[in-house]
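Across the two complexes that follow, subunit A remains constant while its partner is subunit B and subsequently subunit C.
Take a look at the complex of A and B:
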(Lines of atoms letter the chains of each structure in order from A and count residues from 1; the text may use other names and numbers.)
(Lines give C-alpha, C1' and ligand atoms only; values in the text may rest on other atoms or scores of the structure.)
Protein backbone atom coordinates (compact mmCIF):
# COMPACT_ATOMS: atom_id res chain seq x y z
CA UNK A 1 0.00 0.00 0.00
CA UNK A 2 1.40 3.43 -0.91
CA UNK A 3 1.70 6.36 1.50
CA UNK A 4 -1.19 8.10 -0.25
CA UNK A 5 -3.47 5.07 0.06
CA UNK A 6 -2.57 4.65 3.73
CA UNK A 7 -3.34 8.30 4.37
CA UNK A 8 -6.72 7.97 2.68
CA UNK A 9 -7.49 4.88 4.77
CA UNK A 10 -6.46 6.63 8.00
CA UNK A 11 -8.57 9.69 7.33
CA UNK A 12 -11.58 7.94 5.80
CA UNK A 13 -13.88 8.73 8.72
CA UNK A 14 -14.13 10.93 11.78
CA UNK A 15 -14.15 7.87 14.07
CA UNK A 16 -10.91 6.64 12.53
CA UNK A 17 -9.35 10.05 13.23
CA UNK A 18 -10.54 9.84 16.84
CA UNK A 19 -9.06 6.35 17.16
CA UNK A 20 -5.71 7.53 15.76
CA UNK A 21 -5.57 10.41 18.21
CA UNK A 22 -6.52 8.11 21.11
CA UNK A 23 -3.83 5.54 20.34
CA UNK A 24 -1.15 8.14 19.61
CA UNK A 25 -1.87 9.96 22.85
CA UNK A 26 -1.99 6.64 24.74
CA UNK A 27 0.33 4.22 22.94
CA UNK A 28 0.12 1.78 25.86
CA UNK A 29 -3.64 1.44 25.70
CA UNK A 30 -4.92 -2.15 25.82
CA UNK A 31 -8.68 -2.48 25.83
CA UNK A 32 -11.69 -4.20 24.31
CA UNK A 33 -13.48 -2.54 21.39
CA UNK A 34 -16.21 -1.70 23.88
CA UNK A 35 -13.74 0.01 26.21
CA UNK A 36 -12.09 1.88 23.34
CA UNK A 37 -15.46 3.12 22.11
CA UNK A 38 -16.23 4.42 25.60
CA UNK A 39 -12.88 6.24 25.77
CA UNK A 40 -13.71 8.27 22.67
CA UNK A 41 -17.29 8.83 23.74
CA UNK A 42 -18.89 6.59 21.12
CA UNK A 43 -20.81 3.32 20.99
CA UNK A 44 -19.25 -0.05 20.15
CA UNK A 45 -21.37 -0.42 17.02
CA UNK A 46 -20.18 2.92 15.65
CA UNK A 47 -16.46 2.12 15.98
CA UNK A 48 -16.29 -1.57 15.13
CA UNK A 49 -15.81 -1.21 11.34
CA UNK A 50 -13.11 1.45 11.79
CA UNK A 51 -11.26 -0.69 14.32
CA UNK A 52 -11.44 -3.54 11.79
CA UNK A 53 -9.90 -1.29 9.11
CA UNK A 54 -7.03 -0.29 11.40
CA UNK A 55 -6.47 -3.95 12.27
CA UNK A 56 -6.35 -4.78 8.59
CA UNK A 57 -3.86 -1.96 8.01
CA UNK A 58 -1.70 -3.48 10.76
CA UNK A 59 -1.70 -0.34 12.87
CA UNK A 60 -3.66 -2.13 15.61
CA UNK A 61 -3.18 -5.66 16.83
CA UNK A 62 -5.71 -7.99 18.42
CA UNK A 63 -5.14 -10.59 21.11
CA UNK A 64 -7.29 -12.83 23.28
CA UNK A 65 -6.96 -12.16 26.99
CA UNK A 66 -9.06 -14.59 29.01
CA UNK A 67 -12.56 -14.35 27.63
CA UNK A 68 -12.01 -10.99 25.94
CA UNK A 69 -10.49 -9.85 22.66
CA UNK A 70 -8.30 -6.79 23.23
CA UNK A 71 -6.81 -4.38 20.71
CA UNK A 72 -3.68 -2.29 21.04
CA UNK A 73 -1.28 -0.22 18.97
CA UNK A 74 1.51 -2.03 17.14
CA UNK A 75 4.28 0.47 17.90
CA UNK A 76 6.69 -0.85 15.26
CA UNK A 77 4.05 -0.86 12.53
CA UNK A 78 2.90 2.58 13.63
CA UNK A 79 6.42 3.99 13.17
CA UNK A 80 6.61 2.33 9.74
CA UNK A 81 3.24 3.77 8.68
CA UNK A 82 4.07 7.25 9.95
CA UNK A 83 7.28 7.20 7.93
CA UNK A 84 5.43 6.16 4.76
CA UNK A 85 2.83 8.90 5.27
CA UNK A 86 5.50 11.51 6.04
CA UNK A 87 7.42 10.59 2.87
CA UNK A 88 4.22 10.81 0.88
CA UNK A 89 3.37 14.23 2.33
CA UNK A 90 6.79 15.55 1.25
CA UNK A 91 5.82 14.86 -2.35
CA UNK A 92 2.41 16.56 -2.13
CA UNK A 93 2.20 20.10 -3.51
CA UNK A 94 0.06 22.51 -1.49
CA UNK A 95 -3.26 23.06 -3.27
CA UNK A 96 -2.64 20.41 -5.89
CA UNK A 97 -1.93 16.80 -6.74
CA UNK A 98 1.49 15.22 -6.38
CA UNK B 1 28.61 -20.13 31.06
CA UNK B 2 30.10 -16.74 30.31
CA UNK B 3 30.18 -13.94 32.86
CA UNK B 4 27.29 -12.19 31.14
CA UNK B 5 24.41 -14.57 31.74
CA UNK B 6 21.90 -15.19 29.00
CA UNK B 7 18.49 -13.79 29.86
CA UNK B 8 15.24 -15.62 29.23
CA UNK B 9 13.20 -12.44 29.31
CA UNK B 10 11.19 -13.73 32.27
CA UNK B 11 12.39 -11.45 35.04
CA UNK B 12 11.44 -13.77 37.91
CA UNK B 13 13.18 -16.70 36.26
CA UNK B 14 16.31 -14.67 35.49
CA UNK B 15 16.26 -13.36 39.05
CA UNK B 16 16.30 -16.94 40.35
CA UNK B 17 19.49 -17.77 38.48
CA UNK B 18 21.22 -14.43 38.85
CA UNK B 19 23.39 -15.58 41.75
CA UNK B 20 23.33 -14.38 45.35
CA UNK B 21 20.20 -12.85 46.86
CA UNK B 22 20.07 -9.17 46.09
CA UNK B 23 19.38 -7.09 49.18
CA UNK B 24 20.29 -3.74 47.65
CA UNK B 25 17.59 -1.26 48.58
CA UNK B 26 15.35 0.09 45.85
CA UNK B 27 15.98 3.81 46.03
CA UNK B 28 13.05 6.09 45.34
CA UNK B 29 15.51 8.81 44.34
CA UNK B 30 13.83 11.19 46.79
CA UNK B 31 16.76 11.59 49.17
CA UNK B 32 14.74 12.33 52.32
CA UNK B 33 12.30 9.48 51.67
CA UNK B 34 15.18 7.06 51.12
CA UNK B 35 16.60 8.21 54.46
CA UNK B 36 13.23 7.57 56.09
CA UNK B 37 13.24 4.07 54.52
CA UNK B 38 16.81 3.47 55.73
CA UNK B 39 18.10 3.35 52.17
CA UNK B 40 15.00 2.64 50.11
CA UNK B 41 12.30 -0.01 49.70
CA UNK B 42 13.24 -3.66 50.12
CA UNK B 43 13.79 -5.27 46.69
CA UNK B 44 10.73 -7.07 45.29
CA UNK B 45 8.42 -5.62 47.93
CA UNK B 46 4.83 -4.59 47.24
CA UNK B 47 4.43 -1.09 48.60
CA UNK B 48 1.08 0.60 49.09
CA UNK B 49 0.99 4.35 48.57
CA UNK B 50 -2.22 5.49 50.19
CA UNK B 51 -3.75 8.92 50.20
CA UNK B 52 -6.77 10.96 49.28
CA UNK B 53 -7.17 12.85 46.01
CA UNK B 54 -4.67 15.65 45.45
CA UNK B 55 -2.05 14.37 47.85
CA UNK B 56 0.47 13.66 45.07
CA UNK B 57 0.26 9.87 44.78
CA UNK B 58 0.69 9.92 41.00
CA UNK B 59 3.56 12.42 41.21
CA UNK B 60 5.43 10.36 43.79
CA UNK B 61 4.81 7.17 41.80
CA UNK B 62 6.07 8.69 38.55
CA UNK B 63 9.09 10.13 40.35
CA UNK B 64 9.86 6.64 41.70
CA UNK B 65 9.77 5.19 38.17
CA UNK B 66 11.65 8.05 36.49
CA UNK B 67 14.39 7.90 39.14
CA UNK B 68 14.49 4.14 38.60
CA UNK B 69 15.11 4.63 34.88
CA UNK B 70 17.95 7.04 35.77
CA UNK B 71 19.42 4.24 37.92
CA UNK B 72 19.15 1.76 35.04
CA UNK B 73 15.94 0.11 36.26
CA UNK B 74 13.18 0.11 33.63
CA UNK B 75 9.65 0.72 34.86
CA UNK B 76 6.01 0.23 33.91
CA UNK B 77 3.17 2.53 34.88
CA UNK B 78 -0.14 0.68 34.73
CA UNK B 79 -3.09 3.01 34.84
CA UNK B 80 -6.78 2.22 35.07
CA UNK B 81 -7.72 5.87 34.55
CA UNK B 82 -9.96 6.73 31.59
CA UNK B 83 -7.75 9.54 30.27
CA UNK B 84 -4.14 8.53 30.85
CA UNK B 85 -2.69 10.93 28.25
CA UNK B 86 -2.71 13.51 31.04
CA UNK B 87 0.05 11.47 32.68
CA UNK B 88 2.44 12.35 29.84
CA UNK B 89 1.52 16.04 30.09
CA UNK B 90 1.76 16.18 33.88
CA UNK B 91 5.09 14.35 33.85
CA UNK B 92 6.45 16.82 31.32
CA UNK B 93 5.56 19.66 33.70
CA UNK B 94 7.94 18.07 36.20
CA UNK B 95 10.63 17.75 33.52
CA UNK B 96 10.12 14.03 32.87
CA UNK B 97 9.84 13.09 29.20
CA UNK B 98 8.01 9.75 29.31
CA UNK B 99 7.72 9.53 25.50
CA UNK B 100 11.52 9.70 25.23
CA UNK B 101 11.97 6.99 27.86
CA UNK B 102 9.40 4.83 26.04
CA UNK B 103 11.34 5.32 22.81
CA UNK B 104 14.45 4.03 24.57
CA UNK B 105 12.52 0.94 25.84
CA UNK B 106 13.12 1.94 29.45
CA UNK B 107 9.58 2.84 30.34
CA UNK B 108 6.01 1.96 29.40
CA UNK B 109 2.65 3.41 30.25
CA UNK B 110 0.07 0.64 30.04
CA UNK B 111 -3.49 1.78 30.07
CA UNK B 112 -6.20 -0.80 30.51
CA UNK B 113 -9.20 -1.86 32.55
CA UNK B 114 -8.82 -3.77 35.81
CA UNK B 115 -11.27 -6.42 34.63
CA UNK B 116 -9.02 -7.21 31.64
CA UNK B 117 -6.03 -7.50 33.90
CA UNK B 118 -7.95 -9.86 36.16
CA UNK B 119 -9.45 -11.85 33.29
CA UNK B 120 -6.07 -12.94 31.96
CA UNK B 121 -5.83 -16.57 32.96
CA UNK B 122 -2.85 -18.15 31.21
CA UNK B 123 -1.12 -15.29 29.43
CA UNK B 124 -1.16 -12.10 31.39
CA UNK B 125 -1.90 -8.78 29.76
CA UNK B 126 1.49 -7.52 30.94
CA UNK B 127 3.57 -10.46 29.71
CA UNK B 128 4.54 -8.80 26.40
CA UNK B 129 5.51 -5.54 28.07
CA UNK B 130 7.52 -7.44 30.67
CA UNK B 131 9.33 -9.20 27.88
CA UNK B 132 9.95 -5.96 25.97
CA UNK B 133 11.47 -3.83 28.70
CA UNK B 134 12.43 -6.19 31.55
CA UNK B 135 11.06 -3.94 34.28
CA UNK B 136 12.46 -3.78 37.80
CA UNK B 137 9.76 -1.37 39.00
CA UNK B 138 6.03 -1.15 38.42
CA UNK B 139 3.25 1.16 39.53
CA UNK B 140 -0.47 0.35 39.54
CA UNK B 141 -2.70 3.43 39.52
CA UNK B 142 -4.80 2.46 41.25
CA UNK B 143 -5.72 -0.69 43.11
CA UNK B 144 -8.86 1.12 44.28
CA UNK B 145 -10.28 0.69 40.76
CA UNK B 146 -10.61 -3.05 41.46
CA UNK B 147 -13.57 -2.15 43.66
CA UNK B 148 -15.48 -1.02 40.56
CA UNK B 149 -15.20 -4.43 38.92
CA UNK B 150 -15.37 -7.02 41.68
CA UNK B 151 -17.50 -7.53 44.77
CA UNK B 152 -16.06 -5.87 47.84
CA UNK B 153 -15.41 -9.30 49.38
CA UNK B 154 -13.28 -10.29 46.37
CA UNK B 155 -11.05 -7.17 46.23
CA UNK B 156 -8.59 -8.66 48.69
CA UNK B 157 -8.31 -11.91 46.73
CA UNK B 158 -7.84 -10.14 43.38
CA UNK B 159 -5.30 -7.74 44.88
CA UNK B 160 -3.46 -10.76 46.28
CA UNK B 161 -3.34 -12.27 42.78
CA UNK B 162 -1.92 -9.06 41.28
CA UNK B 163 0.70 -8.78 44.04
CA UNK B 164 1.74 -12.43 43.62
CA UNK B 165 2.08 -11.97 39.85
CA UNK B 166 4.47 -9.06 40.41
CA UNK B 167 6.40 -10.74 43.21
CA UNK B 168 6.90 -13.87 41.12
CA UNK B 169 8.58 -11.67 38.55
CA UNK B 170 10.81 -10.03 41.15
CA UNK B 171 9.41 -6.58 40.45
CA UNK B 172 9.32 -3.88 43.12
CA UNK B 173 5.83 -2.49 42.94
CA UNK B 174 4.08 0.61 44.13
CA UNK B 175 0.32 0.15 44.45
CA UNK B 176 -1.68 3.34 44.69
CA UNK B 177 -4.74 3.37 46.92
CA UNK B 178 -7.35 6.12 47.06
CA UNK B 179 -7.87 6.38 50.77
CA UNK B 180 -10.42 8.90 52.00
CA UNK B 181 -10.38 7.29 55.47
CA UNK B 182 -7.01 8.68 56.48
CA UNK B 183 -8.14 12.22 55.84
CA UNK B 184 -10.74 11.80 58.55
CA UNK B 185 -10.56 10.89 62.17
CA UNK B 186 -9.45 7.25 61.87
CA UNK B 187 -6.29 5.84 60.41
CA UNK B 188 -7.52 2.79 58.57
CA UNK B 189 -5.64 2.69 55.26
CA UNK B 190 -8.15 0.43 53.50
CA UNK B 191 -11.43 -1.04 54.62
CA UNK B 192 -10.99 -4.22 52.59
CA UNK B 193 -8.02 -5.60 54.50
CA UNK B 194 -5.28 -4.90 51.95
CA UNK B 195 -2.83 -3.59 54.54
CA UNK B 196 -1.87 -7.15 55.46
CA UNK B 197 -1.10 -8.12 51.86
CA UNK B 198 1.54 -5.45 51.25
CA UNK B 199 5.04 -5.26 52.70
CA UNK B 200 5.18 -1.53 53.20
CA UNK B 201 2.66 1.29 53.51
CA UNK B 202 3.43 4.92 52.85
CA UNK B 203 0.53 7.25 53.64
CA UNK B 204 0.01 10.76 52.35
CA UNK B 205 -2.36 12.99 54.25
CA UNK B 206 -3.58 16.55 53.95
CA UNK B 207 -3.61 18.37 57.30
CA UNK B 208 -5.08 21.68 58.31
CA UNK B 209 -2.81 23.66 60.56
CA UNK B 210 -3.55 27.24 61.54
CA UNK B 211 -6.02 27.66 58.66
CA UNK B 212 -3.55 26.42 56.03
CA UNK B 213 -3.63 23.10 54.19
CA UNK B 214 -0.33 21.27 54.50
CA UNK B 215 0.70 17.76 53.54
CA UNK B 216 2.11 15.00 55.73
CA UNK B 217 3.87 11.75 54.79
CA UNK B 218 4.32 8.82 57.13
CA UNK B 219 5.64 5.28 56.76
CA UNK B 220 2.96 3.22 58.45
CA UNK B 221 4.59 -0.17 58.05
CA UNK B 222 7.73 -1.68 56.58
CA UNK B 223 8.24 -5.42 56.86
CA UNK B 224 11.74 -6.56 57.81
CA UNK B 225 13.25 -3.13 58.24
CA UNK B 226 13.53 -0.23 60.60
CA UNK B 227 12.09 3.03 59.30
CA UNK B 228 11.45 6.62 60.32
CA UNK B 229 8.24 6.79 62.34
CA UNK B 230 7.83 10.54 62.28
CA UNK B 231 5.27 12.47 60.27
CA UNK B 232 7.12 14.55 57.73
CA UNK B 233 5.83 17.55 55.88
CA UNK B 234 6.17 17.47 52.10
CA UNK B 235 5.47 19.71 49.16
CA UNK B 236 4.78 19.12 45.50
CA UNK B 237 7.35 21.34 43.78
CA UNK B 238 8.09 21.97 40.11
CA UNK B 239 10.61 19.10 40.19
CA UNK B 240 8.48 16.61 42.11
CA UNK B 241 7.94 15.67 45.75
CA UNK B 242 10.15 17.43 48.27
CA UNK B 243 10.11 16.13 51.85
CA UNK B 244 10.70 18.64 54.63
CA UNK B 245 11.16 18.31 58.37
CA UNK B 246 8.92 16.45 60.82
CA UNK B 247 5.80 18.02 62.33
CA UNK B 248 7.60 17.86 65.67
CA UNK B 249 5.68 20.69 67.31
CA UNK B 250 2.25 19.18 66.68
CA UNK B 251 0.29 16.18 67.86
CA UNK B 252 -3.01 14.71 66.69
CA UNK B 253 -2.15 15.20 62.99
CA UNK B 254 -3.20 11.68 62.03
CA UNK B 255 -6.48 11.93 63.91
CA UNK B 256 -7.35 15.03 61.93
CA UNK B 257 -7.23 17.56 64.78
CA UNK B 258 -3.66 18.80 65.07
CA UNK B 259 -2.71 20.91 68.08
CA UNK B 260 0.56 22.22 69.36
CA UNK B 261 2.32 19.96 71.86
CA UNK B 262 2.29 21.19 75.47
CA UNK B 263 5.99 22.17 75.46
CA UNK B 264 5.46 24.29 72.34
CA UNK B 265 2.41 25.97 73.96
CA UNK B 266 4.53 26.72 77.02
CA UNK B 267 7.30 28.16 74.83
CA UNK B 268 4.76 30.38 73.08
CA UNK B 269 3.44 31.65 76.41
CA UNK B 270 6.99 32.24 77.59
CA UNK B 271 7.89 34.14 74.40
CA UNK B 272 4.69 36.20 74.70
CA UNK B 273 5.41 37.07 78.32
CA UNK B 274 9.02 38.08 77.64
CA UNK B 275 7.94 40.29 74.73
CA UNK B 276 5.36 42.02 76.95
CA UNK B 277 8.09 42.73 79.48
CA UNK B 278 10.13 44.47 76.77
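Take a look at the complex of A and C:
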Protein backbone atom coordinates (compact mmCIF):
# COMPACT_ATOMS: atom_id res chain seq x y z
CA UNK A 1 0.00 0.00 0.00
CA UNK A 2 1.43 3.40 -0.95
CA UNK A 3 1.69 6.37 1.42
CA UNK A 4 -1.12 8.08 -0.47
CA UNK A 5 -3.40 5.07 -0.15
CA UNK A 6 -2.62 4.78 3.54
CA UNK A 7 -3.42 8.46 4.01
CA UNK A 8 -6.76 8.01 2.26
CA UNK A 9 -7.54 5.04 4.49
CA UNK A 10 -6.59 6.92 7.66
CA UNK A 11 -8.70 9.95 6.79
CA UNK A 12 -11.62 8.22 5.11
CA UNK A 13 -14.18 9.29 7.70
CA UNK A 14 -14.69 11.53 10.68
CA UNK A 15 -14.86 8.46 12.93
CA UNK A 16 -11.44 7.36 11.71
CA UNK A 17 -10.11 10.83 12.47
CA UNK A 18 -11.53 10.57 15.98
CA UNK A 19 -9.96 7.13 16.42
CA UNK A 20 -6.55 8.39 15.30
CA UNK A 21 -6.73 11.27 17.77
CA UNK A 22 -7.91 8.98 20.59
CA UNK A 23 -5.13 6.44 20.15
CA UNK A 24 -2.39 8.97 19.49
CA UNK A 25 -3.34 10.92 22.59
CA UNK A 26 -3.61 7.69 24.59
CA UNK A 27 -1.08 5.32 23.02
CA UNK A 28 -1.37 2.82 25.87
CA UNK A 29 -5.15 2.57 25.64
CA UNK A 30 -6.59 -0.94 25.63
CA UNK A 31 -10.36 -1.21 25.41
CA UNK A 32 -13.24 -3.04 23.81
CA UNK A 33 -14.88 -1.61 20.71
CA UNK A 34 -17.84 -0.62 22.90
CA UNK A 35 -15.52 1.29 25.23
CA UNK A 36 -13.70 2.96 22.37
CA UNK A 37 -16.99 4.04 20.81
CA UNK A 38 -18.08 5.57 24.14
CA UNK A 39 -14.77 7.39 24.50
CA UNK A 40 -15.32 9.21 21.21
CA UNK A 41 -18.98 9.84 21.93
CA UNK A 42 -20.36 7.39 19.37
CA UNK A 43 -22.23 4.12 19.22
CA UNK A 44 -20.55 0.75 18.64
CA UNK A 45 -22.37 0.26 15.38
CA UNK A 46 -21.14 3.58 14.02
CA UNK A 47 -17.46 2.82 14.71
CA UNK A 48 -17.19 -0.91 14.01
CA UNK A 49 -16.39 -0.68 10.30
CA UNK A 50 -13.78 2.05 10.87
CA UNK A 51 -12.13 0.03 13.65
CA UNK A 52 -12.05 -2.95 11.26
CA UNK A 53 -10.35 -0.86 8.58
CA UNK A 54 -7.68 0.30 11.04
CA UNK A 55 -7.20 -3.31 12.19
CA UNK A 56 -6.78 -4.35 8.58
CA UNK A 57 -4.27 -1.56 8.03
CA UNK A 58 -2.34 -2.85 11.05
CA UNK A 59 -2.50 0.41 12.98
CA UNK A 60 -4.70 -1.27 15.59
CA UNK A 61 -4.42 -4.79 16.99
CA UNK A 62 -7.07 -6.97 18.56
CA UNK A 63 -6.60 -9.55 21.30
CA UNK A 64 -8.78 -11.60 23.57
CA UNK A 65 -8.35 -10.85 27.26
CA UNK A 66 -10.59 -13.09 29.34
CA UNK A 67 -14.06 -12.84 27.93
CA UNK A 68 -13.40 -9.61 26.05
CA UNK A 69 -11.95 -8.77 22.68
CA UNK A 70 -9.84 -5.65 23.17
CA UNK A 71 -8.31 -3.26 20.70
CA UNK A 72 -5.09 -1.27 21.07
CA UNK A 73 -2.58 0.74 19.07
CA UNK A 74 0.35 -1.14 17.52
CA UNK A 75 2.94 1.52 18.24
CA UNK A 76 5.64 0.11 15.99
CA UNK A 77 3.25 -0.21 13.07
CA UNK A 78 1.86 3.24 13.81
CA UNK A 79 5.35 4.75 13.54
CA UNK A 80 5.91 2.88 10.30
CA UNK A 81 2.58 4.04 8.85
CA UNK A 82 3.09 7.68 9.82
CA UNK A 83 6.55 7.59 8.31
CA UNK A 84 5.11 6.34 5.01
CA UNK A 85 2.51 9.11 5.15
CA UNK A 86 5.19 11.70 5.87
CA UNK A 87 7.35 10.48 2.99
CA UNK A 88 4.34 10.65 0.70
CA UNK A 89 3.50 14.20 1.81
CA UNK A 90 7.08 15.27 1.13
CA UNK A 91 6.48 14.53 -2.54
CA UNK A 92 3.16 16.38 -2.82
CA UNK A 93 3.08 20.04 -3.62
CA UNK A 94 0.59 22.42 -2.07
CA UNK A 95 -1.50 23.62 -4.96
CA UNK A 96 -1.59 20.45 -6.94
CA UNK A 97 0.79 18.31 -8.89
CA UNK A 98 3.59 16.08 -7.58
CA UNK B 1 1.82 11.49 22.62
CA UNK B 2 1.95 14.23 20.01
CA UNK B 3 0.62 17.06 22.15
CA UNK B 4 2.16 20.29 20.86
CA UNK B 5 1.75 23.52 22.78
CA UNK B 6 0.69 26.65 20.96
CA UNK B 7 4.09 28.18 21.68
CA UNK B 8 5.95 25.12 20.36
CA UNK B 9 3.78 25.21 17.28
CA UNK B 10 4.43 28.86 16.66
CA UNK B 11 8.14 28.34 17.25
CA UNK B 12 8.07 25.52 14.74
CA UNK B 13 6.28 27.66 12.21
CA UNK B 14 8.76 30.48 12.71
CA UNK B 15 11.67 28.09 12.28
CA UNK B 16 10.14 26.51 9.22
CA UNK B 17 8.95 29.64 7.50
CA UNK B 18 10.69 32.62 8.87
CA UNK B 19 9.29 35.67 10.36
CA UNK B 20 5.83 35.88 11.82
CA UNK B 21 5.57 37.89 15.02
CA UNK B 22 4.81 36.18 18.27
CA UNK B 23 1.14 35.96 19.17
CA UNK B 24 -0.65 38.04 21.73
CA UNK B 25 -1.72 35.21 24.00
CA UNK B 26 -2.31 36.81 27.34
CA UNK B 27 -0.32 35.82 30.40
CA UNK B 28 -3.35 34.76 32.43
CA UNK B 29 -4.12 31.79 30.26
CA UNK B 30 -7.44 33.23 29.07
CA UNK B 31 -8.32 32.56 25.50
CA UNK B 32 -9.27 36.15 24.90
CA UNK B 33 -7.77 39.48 25.73
CA UNK B 34 -10.09 41.83 27.57
CA UNK B 35 -11.84 44.17 25.14
CA UNK B 36 -9.92 47.38 24.64
CA UNK B 37 -11.46 50.58 23.45
CA UNK B 38 -10.22 52.15 20.24
CA UNK B 39 -9.42 51.07 16.75
CA UNK B 40 -6.94 48.31 17.54
CA UNK B 41 -9.30 46.27 19.76
CA UNK B 42 -10.68 44.31 16.84
CA UNK B 43 -7.25 43.56 15.53
CA UNK B 44 -6.20 42.39 19.00
CA UNK B 45 -9.16 40.02 19.02
CA UNK B 46 -8.35 38.91 15.49
CA UNK B 47 -4.79 38.15 16.57
CA UNK B 48 -5.96 36.26 19.64
CA UNK B 49 -8.37 34.20 17.56
CA UNK B 50 -5.71 33.56 14.95
CA UNK B 51 -3.26 32.46 17.62
CA UNK B 52 -5.80 30.11 19.19
CA UNK B 53 -6.71 28.66 15.81
CA UNK B 54 -3.08 28.14 14.82
CA UNK B 55 -2.45 26.24 18.05
CA UNK B 56 -5.49 24.07 17.51
CA UNK B 57 -4.60 23.34 13.87
CA UNK B 58 -1.11 22.27 14.93
CA UNK B 59 -2.45 20.07 17.72
CA UNK B 60 -5.02 18.50 15.41
CA UNK B 61 -2.49 17.67 12.69
CA UNK B 62 0.10 16.41 15.17
CA UNK B 63 -2.41 14.29 17.06
CA UNK B 64 -3.91 12.82 13.92
CA UNK B 65 -0.80 12.25 11.83
CA UNK B 66 2.21 12.76 14.08
CA UNK B 67 4.77 15.41 14.79
CA UNK B 68 6.90 14.50 11.79
CA UNK B 69 3.99 15.10 9.40
CA UNK B 70 3.31 18.42 11.14
CA UNK B 71 6.95 19.44 10.57
CA UNK B 72 6.62 18.61 6.87
CA UNK B 73 3.37 20.54 6.53
CA UNK B 74 4.94 23.53 8.30
CA UNK B 75 7.94 23.43 5.98
CA UNK B 76 5.57 23.42 3.01
CA UNK B 77 3.96 26.60 4.30
CA UNK B 78 0.55 25.05 4.97
CA UNK B 79 0.40 26.56 8.44
CA UNK B 80 1.04 30.05 7.08
CA UNK B 81 -2.58 30.01 6.02
CA UNK B 82 -4.09 28.31 9.05
CA UNK B 83 -5.99 31.47 10.00
CA UNK B 84 -7.18 32.02 6.43
CA UNK B 85 -9.88 29.36 5.96
CA UNK B 86 -10.04 29.57 2.15
CA UNK B 87 -6.28 29.30 1.64
CA UNK B 88 -5.93 26.67 4.33
CA UNK B 89 -8.76 24.63 2.85
CA UNK B 90 -7.14 24.83 -0.59
CA UNK B 91 -3.79 23.73 0.84
CA UNK B 92 -5.35 20.86 2.76
CA UNK B 93 -7.34 19.75 -0.29
CA UNK B 94 -4.24 19.62 -2.44
CA UNK B 95 -2.36 17.54 0.14
CA UNK B 96 -5.10 15.34 1.58
CA UNK B 97 -7.89 15.29 -0.99
CA UNK B 98 -11.10 14.09 0.66
CA UNK B 99 -9.23 13.68 3.93
CA UNK B 100 -9.03 17.47 4.19
CA UNK B 101 -12.59 17.72 5.47
CA UNK B 102 -11.87 15.14 8.18
CA UNK B 103 -8.93 17.23 9.39
CA UNK B 104 -11.03 20.38 9.23
CA UNK B 105 -13.76 18.73 11.30
CA UNK B 106 -11.17 17.74 13.89
CA UNK B 107 -9.98 21.35 14.05
CA UNK B 108 -13.49 22.76 14.36
CA UNK B 109 -14.52 20.17 16.95
CA UNK B 110 -11.51 21.06 19.10
CA UNK B 111 -12.06 24.78 18.64
CA UNK B 112 -15.72 24.48 19.59
CA UNK B 113 -14.85 22.37 22.62
CA UNK B 114 -12.40 25.06 23.80
CA UNK B 115 -15.03 27.75 23.29
CA UNK B 116 -17.86 25.66 24.78
CA UNK B 117 -19.84 25.80 21.53
CA UNK B 118 -21.98 22.73 20.83
CA UNK B 119 -20.76 20.74 17.83
CA UNK B 120 -23.00 18.51 15.78
CA UNK B 121 -21.11 16.08 13.56
CA UNK B 122 -24.31 15.06 11.76
CA UNK B 123 -24.96 18.58 10.50
CA UNK B 124 -23.63 19.82 7.16
CA UNK B 125 -20.09 21.14 7.39
CA UNK B 126 -18.49 24.31 6.05
CA UNK B 127 -15.04 25.07 7.46
CA UNK B 128 -15.14 28.78 6.74
CA UNK B 129 -18.62 29.27 8.19
CA UNK B 130 -17.73 27.21 11.24
CA UNK B 131 -14.73 29.42 11.94
CA UNK B 132 -16.79 32.57 11.38
CA UNK B 133 -19.32 31.34 13.93
CA UNK B 134 -16.55 30.61 16.44
CA UNK B 135 -14.99 34.01 15.88
CA UNK B 136 -18.34 35.67 16.39
CA UNK B 137 -18.75 33.88 19.73
CA UNK B 138 -15.29 35.05 20.80
CA UNK B 139 -15.99 38.64 19.85
CA UNK B 140 -19.32 38.66 21.66
CA UNK B 141 -17.77 37.06 24.76
CA UNK B 142 -14.95 39.56 24.88
CA UNK B 143 -17.42 42.45 24.63
CA UNK B 144 -19.41 41.04 27.52
CA UNK B 145 -16.30 40.91 29.73
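Couple of notes before you dig in:
We take it that the second predicted complex is superposed on the first by the 97 of 98 C-alpha atoms of A that agree within 3 Å, B and C clash if a C-alpha of one lies under 4 Å from a C-alpha of the other, contacts with A are read in each partner's own complex, and residues count from 1 in each chain.
Here, contacts are C-beta pairs under 8 Å (C-beta built on N, C-alpha and C of every residue); 3 or more make two chains touch, one makes a residue touch a chain.
A quick note: this is a predicted structure, and the numbers were derived from the prediction, not measured.
With the C-alpha superposition on subunit A as described, subunit C and subunit B fit side by side in the combined arrangement. By the touch criterion defined above, A:25 reaches both subunit B and subunit C.
Seen from the C-alpha centre of subunit A, the directions to the centres of subunit B and subunit C diverge by 80°, a value given as a multiple of 10 for the model superposed on chain A.
In the superposition on chain A, contact of A:39 is made with subunit B only, not with subunit C. Contact with neither subunit B nor subunit C is seen for A:1 once the two complexes are overlaid on the shared chain. Contact with subunit B, but none with subunit C, is seen for A:67 once the two complexes are overlaid on the shared chain. When the two complexes are overlaid, the chain among subunit B and subunit C that reaches more residues of subunit A is C. Shared-chain residue A:92: touches subunit C; no touch with subunit B. Touch criterion met: A:11 reaches subunit C, while subunit B stays clear of it.
Remark: least CA distance from subunit B to subunit C after fitting both complexes onto chain A is 5 Å.
Overlap of the subunit B and subunit C contact sets on subunit A: residues 25-27. Within the complex, the subunit B residues that touch subunit A are 82-85, 88, 102, 108-113, 116, 119-121, 123, 125, 129. Considering their complex, residues 25-32, 35, 38-39, 65-68, 70 of subunit A touch subunit B. The touching residues of subunit C, counted against subunit A in their complex, run 1-3, 60, 63-66, 68-69, 72-73, 76-78, 90-91, 94-99, 102-103, 105-106, 121. For subunit A in complex with subunit C, the residues that touch the partner chain are 7-8, 10-14, 16-18, 20-21, 24-27, 82-83, 85-86, 89-90, 92-96.
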